[in-house]
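So the structure is just underneath, and the comments pick up after that.
A, B and C label the chains in the order they appear, each numbered from 1.
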Amino acid sequence: MLAYTVRRILVSVPVLIASTFIVFLVVVNSGDPVANFATSRQPAPSKAAVQAFARHIHADQPVLERYWNWITGVLHGDFGPSVQTNLNIGHDLFTRFRVTVTLVAAAMLIALILSVLFGAFSAIRQYTAADYSITFVGFLFLAMPVFWFAVLLKQAGIWINEKTGSQFLGTIGEKSPYLNVDTPWNEFVDRIGHLALPTITLALVSFASWTRYTRASMLEVLNSDYVRLARAKGLRRGRVITRHALRTALIPLATVTALDVASILGGAVVTETIFQWHGMGEMLVQAASTVDVYRLMAWLLLSAVVVIVFNLLADLLYAVLDPRIRYD
Amino acid sequence: MTESVLEVDGLTVEFPTEDGTVRAVRGVGYRLERGEALGIVGESGSGKSVTALAVMGLLPATARVRGSVRFEGEELLGLSDARLSDVRGKGIAMIFQDPMTSLNPVHPVGYQIAETLLRHNPDLKARGARARAVDLLGTVGIPSPERRVDAYPHEMSGGMRQRVVIAIAMANDPDVIIADEPTTALDVTVQAQVLDALETARAETGAALVLITHDLGVVAGHTDRVAVMYAGRMVETGSVEDIFYTPRMPYTLGLLGSLPRLDREEARLTPITGSPPSLLHLPPGCPFAPRCPLRRDACDGAEPPLRPAGGDGHLSACHFSEELVGTGAGEVFEAAGADSAALARFAEAAPVNTPEEDAV
Amino acid sequence: MTDIEAPGAAGTQVPFTDGEFTVGQRSQTQLVLRRFLRHRAAVISLVVFLLIALWAFVGPYFWHYSYRKFTPDNSQSPSWKHPFGTDSSGYDAYAQVMRGTQTSLKIAVMIALGSTLVGAVWGAMAGFYRGVVDAVMMRIADLVLTLPLLAIALVISSRSGGSWYWIALVIAGLTWAYVARVVRSSVLSLREKEFVEAARALGSSDARIIFRHLLPNALGPIIVNATVLVATGILTETALSFLGFGVQPPDTSLGLLVAQAQTAVDTRPWLFYIPGAFIIAIALTVNFIGDGLRDAFDPRQQRVRQ
């Protein structure tokens, strides 16, 4: 398994290079930051200033050379220059990554737990009112635009705060702006309060799709011969469901969860924007609107690494959970 | 009479579908004496497996089951699932057709044997269960059972896996073992070994056996009595000798005629033409009539009941069973055009549109 | 727990629908149609979806306000004159929602069509030729699949100027790989079937085998996937427009309408709820239609494991 892991990591290096190169071409051609600089400033900058700016952001270099300088720079911890003169992209990225990780992890965890519970319940009670309701709610959530639901939740949060006279549910930012939180406990409560609504928002879609997945997978297993044999052995219902049905039905869910990480990151962009978090979402939107090439690349590189890592984790987890899979 | 371990009486099973009600089992009854072996024979879709699953209480919730199933005098139908689970695996054990899918792929085989031991023996500890699992694996003929106890199902062949399933079935010393086509999915060479393991299990536990199969050869070698099923009903029952030497129902005759035999002069096999009726729209009369060479007008009018025919305990459901005394398949069915391809078709009885296979 | 096939239903299923076997094709189509019509939610959804589409595309010709003309009434709640109310600058929300629905639908359908076309041909070729061709083509598809859809779309469409087909093209350029994967796996199993062997023995060209034999037989999964893509498409487009990287004013889309209304949820809630409800209605009905088609094409499948 160790050899397999090492091999997989080695294989992912060329994948990462190919994917970042394609992305780099796309990003470089997505706009002209130099023209923006030249036209958007008042008073108009001198020609020399524009050239200096172009040189600063490496816009004067040919693409291949630019890419090469960037990727080698990244290996040394240098993520390249931003159009915002004083911004250290590496530092910015990791600060924001920490913020976003909390949100994504919380949302995935909640979505996973709830979807397994609801999906399994729905399958066990197939064709009952409960099953139909869960299925319909799942369809509804899958059809609901994240941004619309987020705005709605934000309104609900404000309303609840008003009614209860508390400030527990934060609707702006990942923490209270003024640090009126004195003890670690109060800070924790403040963070949780700010985390609650965005987490629900982000968990919604994954919850819906994983519930459907769990239900389908569970149904297949419940109709399997080995579950029938488990029942023929006289095992009690609860044991058949947990040890035989769920245990096997959840294996493929590991893969699905990991593959969904990319789209959850996308959902986080929208969620963070609405709740005005200073996370990776804000970074992406800012960088895209200013055509900040290296900031975009930093974002995309990190997300590519996350996706690759999660894919690897999924495969390893699969081998741990399913004795039929062996890597060597 | 009091010796019966299992009594099935007037059992009917129906499945509501969008196109109407599938009447999979229509009034099946049998009585199993302690230690006795009963063979149930029929084509796919004749209701053999559904009957077995109804006895075990393992049919899907949509199935409508009526009649009576008494185990050791206790009525099982209508019992709660929790109460039934006390009987399953201890009183009545079951072996399924496909060993490749019968075992859970994520648990070692020893674990799956120990599970049923621990379930029915509350005093047993994990270590004791494991030791017993090793014993059981040895009993059913698995080499080096101490090592194999930790193997996963995918590490074993089909024959090995079916032996594990047999070990599970015999684990709690059951009174009845129901084996649903235990060798159908296996290679011919392995079939005999698995049947031997089944015999060992029976000898060890003294359990009565219900052997469901479409292979008359298996029935002849391993059972005392035979019941032939067609279109959800029993059409003939009797001792092995009754059925093989003095069949009183054209369908049984047809089954025998399509069996290759070395002791007979007739070189040709006699196939039964046509296919079993749809259980969705059964004709009013005898369900075998459309395929029966002896069909007369009376056959389309009413379905013949199971009546005494010939020897003691020999029953048959044919309006004209008396006329069949002493006839052979070749005389009743036209032998023309019979060939081994037809036999193969019958033997494999395409599982495509059989409600029985779909239901379970 | 289990559904029991009517005896004969599964047996009469015709395994392939090649154009040259018209009888087989018709019975297969009829079977699919019958099964689809039995799925009540799917049928209702289809009707609702078609009504919404009709309303969005034909409605503007019969409505007395234009989505880009001010009316003298501003910030009005829904009335007979303005069924969906008006916004603070006096735009008629009914006309705007009609236009927004039209744009969003156009983009979503374009995404589904574009990525299905590219993905189907791509996947069919990879599955048909196998070997090196397959490896290279599928690695490319995998590469596309690892790109974060929303992020890349956001980057590219920042220079789109908000033209609807550009947005559709960008999103389709990132979703075709899903289709390619699905089609490849169907083709891999189809190419072993006898009728493909027969076609090859008759000397049919590769292109003919792919387009006349393989793709028509993979139609079920392709169509089901296309409906899923319509839903994905509309949700991605509206999210992009919401973030300000999609459709640009003066044109409008459902996502843009929600974005513009988000600060006015309290004061002019109709501006926020109505376009949102339309997005949900479209995505919901499309998903139900997809579900019905999935059941219709393959009644006993439970496509869980790949």
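The rule we apply is simple: a residue touches a chain if its C-beta (ideal position, glycine included) is under 8 Å from a C-beta of that chain, and two chains touch if they have at least 3 such contacts.
None of the values given here were measured: they were computed from a predicted structure.
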Relative to chain B, chain with the most remote C-alpha centre: A
Pair joined by the larger number of C-beta contacts - A-B, A-C: A-C
Chain centroid nearest the full-protein CA centroid: C
Rounded Å distance between chain B and chain C, as computed from the means of their C-alpha atoms: 50
Interchain centroid distance [CA atoms averaged], chain A/chain B, Å: 54
Chain centre separation in whole Å, for chain C relative to chain A (CA means): 24
Of all residues in chain C, the ones touching two or more other chains: 1-2
Contacts with two or more other chains, residues of chain A listed in rising order: none
Residue numbers of chain B (touch at least two other chains): 360
Parts of chain C lying in touch with chain A, wherever the complex brings them together: 1-2, 143, 146-152, 154-156, 158-159, 231, 235, 238-239, 242-245, 255, 258-259, 262, 265-266, 272, 276, 279-284, 287-288, 291, 302-305
Chain C partner contacts - residues on chain A that touch it in the complex: 15, 18-19, 22-23, 26-27, 30-31, 126, 139-140, 142-148, 151-152, 155, 213, 216-217, 219-220, 222-223, 252, 262-263, 265-267, 269-270, 273-274, 284-285, 288-289, 291, 296, 299-300, 303-304, 307-308
Interfacial residue positions of chain B with respect to chain A in the complex: 56, 58, 81-82, 85-90, 93-94, 96, 98, 101-107, 115-116, 119-120, 152, 154, 165, 168, 172, 360
Partner chain B, residues of chain A touching it in the complex: 224-237, 239, 243-244, 247-248, 251, 321-324
